[in-house]
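Structures are listed in the sections that come next.
Shared between the two complexes below is chain A, which pairs with chain B and chain C, respectively.
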Partner chain A sequence: MKSYRKYMTSKIVWYVLTFVVALFLNFLLPRLIPGNPVSTIVSKITSGMADTNSIKRVYETFEKEFGLNKPIWEQFLIYVSNLLHGNMGTSFGQYPRKVTDILASSIVWTIGLQLPAIIVSWILGNVLGVLAAYIKKGFDKVLFPVFLFISCIPSFGFAIVLVWLFAVALKIAPASGGYAFDMIPSPTLSFFLSVLQHYQLPFWSIVLVGIGGQSLGMREMSIYELNADYVKYCRLLGLKDSKIVRYVFKNAVLPQITGLALSLGTMVGGALITEIVFSYPGLGSVLFNAIAAQDFPLISGCTLLITTGVLIANFVIDIVYGLIDPRIKVAQQE
Partner chain B sequence: MKNNFSIIFKSSKFRLGFIIFALLLLSVIIFPIVNKEDPLKMNYTMFQNPGPNLPLGADNFGRNELVELIAGGKTSLIIGILAGGIATGVGLILGLFGGYIGGLVDDVLSSITNIFLVIPSFIILVLISVSISSRSYLTTALVIGFTSWPWTARAVRAQTISLRNRDHVNLAKVSGYSIPKIIATEILPYIASYVGMAFILQVASGILSEATISMLGLGPQNTVTLGLMLNWATMYEAHMSGAWWAFVPPVLMIALITFSLNLMNTGLDQIFNPQIRS
Partner chain C sequence: MAEKLLEVKNLKSVYKTRFNEKITAVDDVSFDLEDGKCLGIAGESGCGKSTLAMSVMGYYYPPLFYESGIVNISGIDITKIPYNQLRKEILGKEIAYIPQAAMNALNPTQRIINLIEDVMEEHISGITKKEIRKIAEDRFETLNLPKDVLQRYPIELSGGMKQRTVIAISTILNPKILIADEPTSALDVTSQKIVIKLLKDLIKRGFIKAMVFITHELPLLYNIADDIMVMYAGEIVESGEAEEVIFDPIHPYSNGLMNSIIVPEKGIKGKKLTVIPGAPPNLKYKLEGCRFFDRCLFAKDECKISEINMKYVNNRSYRCVLQVDELKEMYEDGKKPATT
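The block that comes next holds the complex of A and B.
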C-alpha cells in the first residue's frame, strides 16, 4: 500500500503541474493577438452597435476583467484569482450572461452523451477485438478491414450521414437538439422519453467509430498474447477455449486502459464536433457558436473546461490502472 | 534497398493500402490537369442535382462538387503530409536527443512531452487558431504539425533508450564521434522503419485534425479542403435537404485516405514486428 501511495503522489504532482501549464496556455494564447486584445475584441463585437454608451460599457467590462495595462504575470494572477472565485468573465456573444452560467447548463449534456458513449465503445471494441484475434480465419479477414475503415471515418462525418439516413430519408429519429424543440426541461416522463429519442443518433455515431479504433488495438494485443507460452501451456493442459480467451482478455485489456487514456483527447474532440452536427445542447455546440461570434471569454471557458475534464478522466484512469495492474506495484517497490 | 521494397510489398495489407493511396494521389494530381474548372467558381444553383455534366452535383454555393472534391482532397493531403512531416521531425529530434543524452536534458524534454500528451492537442489547436485571424492552409498545417508531436517524441525516446547501450553505439562513443553523428549513424538507422510508420499515422491524423478544426469554423481561408466542405455542408444543412452529394463524397474521401494510410501502417507493422503477425 505504501508503494501505491507513492505512485498516487507522483501522479497527483504531475497532474497539478500539467493543469498549471494548461491554465497558462489558456491564458496566454488568446492574448497573443497582436495589439490591445480588448480594443480588437470590442471593435469586433461592437461593429454593429451605434450607441457609444453601450460600447463604452462593454469596453470597461472587459478592460476590468482582463486587467490590462498591468504586467503579464499580474494579469495571470488576476485571471487565476477570478477563476478561483468561479468567475470566468462575461460572454461577448450572449452579453451580459456569465460564462460560468452558460457552461454549467451545457456540461451536463456533454458528459451525459460522451461518458456512456466512450465507455460503451471501449467495452464493445475490446470484446470484438479479442474475438477477431481468436477466431482469426474469415472473421479476422473480413472484420479487420471493416473496423479499420469505420475507425477512419471522423465521427462527425459519420453523424451527418446517420442524420441524413435515419432522420431525413427514413424519418425514424429526430434530426437535431437534445429534446423536442417545443419542450421545456422538466423531470417528466415525456421529457425523458424525448431526451432518449434525441440521444440515439449522436450516441451511436460516437460509439460505432470508437468501437472500430478500440477493437483494432485490442486485436493486436490479443494476437500478441495468444502467441505467448502460457496459452500453449493451457492448451496442453486441455483447458476450454472459452477459459483461455478469458485469460487472454484479462492480460490484453490492461494496455488498452492506457490506450484509452491516450486517445481520450482525440475522442472527446471528435465527439464535441459531433454535437455540432446535431445542434446538441452541449459544450461542442457552445464552443462552435462562441467561435462564430468571436466570443473570447466563452471560448476560453470552454477550452479550459474541456481540458480539465480530459485531465480528470486521465487521472481517474491512471489511478484505476495502478490499482488493478500488479506490475505497477512491483515497479514502484524496486 | 530493392530487397527491402520487395519485402514490404509481400504484405497484402500494405499492397492494398498503397494501391488505394496511389490511386487517390494520382487522381488529385491528374484531374486538375485535364479539367481546368476553378473549384471556387459558383457556376450552378444551390445543391443542384447530379447530372451528366455534373457527376456529383453542386454544393451550397453552386460549385461543381466533383472539382471541389478533388481540389479539397489535394489541399487536405498537402496539409496532412506537411503537418505529419513537422510532427514527426519535431518528435524525432526531441525523442532522439532526450533518449540518447539522458540526465537533465531528458528529464526536461520528457516532462514537456508528458504534459503535452495529456493536454488535448485539439484544444491547443483551437486556442492558437482563434488567435490567428488570417489562416492559409499552410498556417493550418504548421499549427497542426507543431501541436501533434508528443506521441512520436515519446515513442522515439523509448526506442532510443533501448539502443543507447548497445555495443556498436559504445564503440562509436569510444571512437570519439560527436553526439549528432552517433545519433545519425548508429541510432537513426535502427528506428527508421518505426519513424516511417509514425509519419504515416501522423499524416492520417493531420488530415483528421484539419477536418475537426474546419468543422469548428477555424479552418484555412480562401481555399477548399475536405474539412471545409463538410463544414459548409453542415452549416447549410445539406443533410436536411437530402443533398447527400454535398457530404458523402468528402466523408468517404477522408475515410479512404486515412484508411489507406492505416492499412499501409498495419502492413509495415506486421513486417517489422514479427510478434504480432497473425
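The block that comes next holds the complex of A and C.
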C-alpha cells in the first residue's frame, strides 16, 4: 500500500509538470503564427473610415485591450493569472464574445456528438472483434477485410462519401449543420427532431470508422488470448465455450480501455475534421475558424481544453487500471 | 480383478500442419487403467506424452485430429460421442487434467474461487455459491492448502502454490481418473515432494480413483507409479510393473534410459531421461521397422525390415524383434549403451 502511494505521488508530479509545459506551449505556439490579428479586426471595423489618425487610435485601443503591446513573458503571466480567475480572455475573431462563452456553447455539441459515437463504436467494435477471433471461418473472412478497408479510409474521406451518398444522391439526410439553418435553438419538438436528423451522418461516420480500428485491435488481442493455456485448461474442466469467450473478452478488452479513455480524452478536439466536413457547430469547427482568424485566445482556449482532457483521461486510466486489472495492480506495487 | 476405469485401444492421433503434412504423434497406443492404480508414462521430450493425454481426454482441436481407436471411460467410448456430451458428462467429472504448464493455466484476471464456482455450477445444477464456497474451503483445508488462496488472483500465488491450487481445482468434482502431465517439472525439489504427496493423498482419501502420471523424470515415477509405460516416437515400446521396468528393463531404449540412471550410485538419484545419444526420428515421415533403429546399440538388419509388434511375456510387453533372453545376454556381456 505504501509503495502504491509512492507510485501515485510520482504519477501526480509528472502530470502537473506535463500540464505546466503544455500550458506554456498552448500560449506560445498560436502566437508564433506569422501575421497580426489586430490589423485584421481593425481593418474590418474601420472599413470606410478615412481618417488615419482615428484608425490608429482604434488599433492602439485594441492592442492595449489584448495586451499585445507588452513583452511576451508578461503576456503569459497575465494569461495565467486570468486563467486562475476562470477568464480565458476575449476572442479576436468573434469580438467581443468571451472565449469561455464560445467554448461553453460549442462543447455541448461536440460532446453530444462524440460521446455516444465513441462509446457505441467501442462496444460494437470490441464485440465484433472477439467474435471474429472466436468464430473464425466465414465470419472472420468477411468482417476482417471490411474492417481493414474501413479503418484505412481517412475519416474525412468517409464523411464525404456519406454526404454524397445520403445527402446528395439519396437525399434522405441533411448534408451539414447541427440543425436546420432557419431555426433558433429552443426546447421544442421540431428543433429536437431537426437536431436528430442532422445528427445521423456525422454520428455514423465516426461510429463506422471507430468500429473498424477498434475491432481490428480487439481481434488481435482475442486471438492471442484464445491461444492462452487457460483456455485449454478451462475446456478440459468442462466449461462452456460461451463462458470461456467471456473470460477472453474480459482479458482482451482491458487493454482496449486505454484506447477508450484516450479517445474520450481527445474527444473535444478529436472529430475536428468530421465537424468541419459537416459544418457541425462544435469545438472542431470553432478551432478551425479560430486558426483561420489567428484568434490567439480562442486557439489557446481550445487547445487547453483538449490538453486537459487528454491528461485527465490518462490519469484516470492509471488509477482505474490498478483497480480492475490484477496484472497491472501487481506491476504498480513493485 | 479390479474395475477398469479407462481403456485405450489402438489410439492414433495426428497433427495436420499448414503444409498438409501429417505428424502421427500418438501411434497405435493401447493400455488399461484399473481402480486404485497409478500409471506412469515416461519418454523423452517430443515423444507424444502430452498429445496422448489430450487424445485420451477427447481434446481434439486443430491442428490435432483423431485418426482411429477407442477410448472407453466408464463404459462410454468418448471418441464416438458429441462434444457437448463429452464436456458435460465426462470432462472434469469422470476424467480430469493437470496441465504441463500449470503456471499459465489459470486465467490471470479471475479469483480462484470464481473459477471453482464456474466449474461446479457447470456440472452440478442448482448448487449455490454458498455451498460451493463451503466445499472449496473444506477441500483446501483437507489438502493442507491455505483457505485465503481462494480469494486471490493467480498472479499472487507462488509457483508451487499455483500448482497445488490447480490440482485442487481439477479434482474438486472427485473425478475417477486424473491425468497429470509433468505436474512437477517446473518446481524445485521441495515443492516437487509436496506435490507428489498431495497427489498420493488424493488417491488415499478417495477423491480420485486412479491416475496417469506423465513425466520425463524417472525418480519421481519410482515414487508414485504402480505400472510404467515407456513411450518412444509416438509408440509404446515397453510396459510393465514399475519395479520391473526400472530395475530390469527389456527394450534397449528403456535399458538405455534406466542404465544411465541406475549404474553409478545405488538408487536413482536426480537424473533425467535425456542421456541417450542421437535424436528421435521425425514423425512427419512414414516410419518403417523399428523407430529406435538409428540409436540402438543392438540393432540388426532385420530390425529395419518389417513392422515390429508388441511381444507379451508374462505380465510385461515390449516392442523389439529380439527375444528377452537375447537382449538380457547382450546387456550382461557389458555391451551396455554408453552413459554419456
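Criterion: the second predicted complex is superposed on the first by the 259 of 334 C-alpha atoms of A that agree within 3 Å, B and C clash if a C-alpha of one lies under 4 Å from a C-alpha of the other, contacts with A are read in each partner's own complex, and residues count from 1 in each chain.
Here is the rule we use: a residue touches a chain if its C-beta (ideal position, glycine included) is under 8 Å from a C-beta of that chain, and two chains touch if they have at least 3 such contacts.
Just so it is clear, the model here is predicted, and its values are computed rather than measured.
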{"item": "Chain C versus chain B on the shared chain A, clash or fit after superposition", "value": "fit"}
{"item": "Touched partner set for A:133, first chain B, second chain C, both or neither", "value": "first"}
{"item": "First, second, both or neither for A:296, with chain B first and chain C second", "value": "first"}
{"item": "Arrangement angle, chain B at one end, chain C at the other, chain A at the vertex (C-alpha, nearest 10°)", "value": "70"}
{"item": "Touched partner set for A:17, first chain B, second chain C, both or neither", "value": "first"}
{"item": "Touched partner set for A:82, first chain B, second chain C, both or neither", "value": "neither"}
{"item": "Chain C versus chain B, contacts on chain A by residue", "value": "B"}
{"item": "Chain B versus chain C as contact partner of A:232, first or second or both or neither", "value": "second"}
{"item": "Partner chain in contact with A:243 - chain B first, chain C second, else both or neither", "value": "second"}
{"item": "Distance of closest approach, chain C and chain B, by C-alpha atoms in Å", "value": "11"}
{"item": "Chain C partner contacts - residues on chain A that touch it in the complex", "value": "228-230, 232-240, 243, 247, 250-251, 254, 325-327, 330"}
{"item": "Interface residues, chain C side, partner chain A - complex", "value": "57, 59, 61, 87-88, 90-93, 96-97, 99, 101, 104-110, 115, 118-119, 122-123, 153, 155-156, 166, 169-170"}
{"item": "Residues of chain A touching chain B in the complex", "value": "14-15, 17-18, 21-22, 25-26, 29-30, 32-33, 133, 136, 140, 145, 148-149, 151-154, 156-158, 160-161, 163-164, 167-169, 175, 220, 223-224, 227, 262, 264-266, 268-270, 273, 276-277, 287-288, 291-292, 296, 299-300, 303, 306-307, 310-311, 314"}
{"item": "Residues of chain B touching chain A in the complex", "value": "111, 114-115, 117-124, 126-128, 130-131, 133, 204-205, 208, 211-212, 215-218, 230, 233-234, 238-240, 242, 244, 247-248, 250-251, 254-256, 258-259, 262-263, 266, 275-278"}
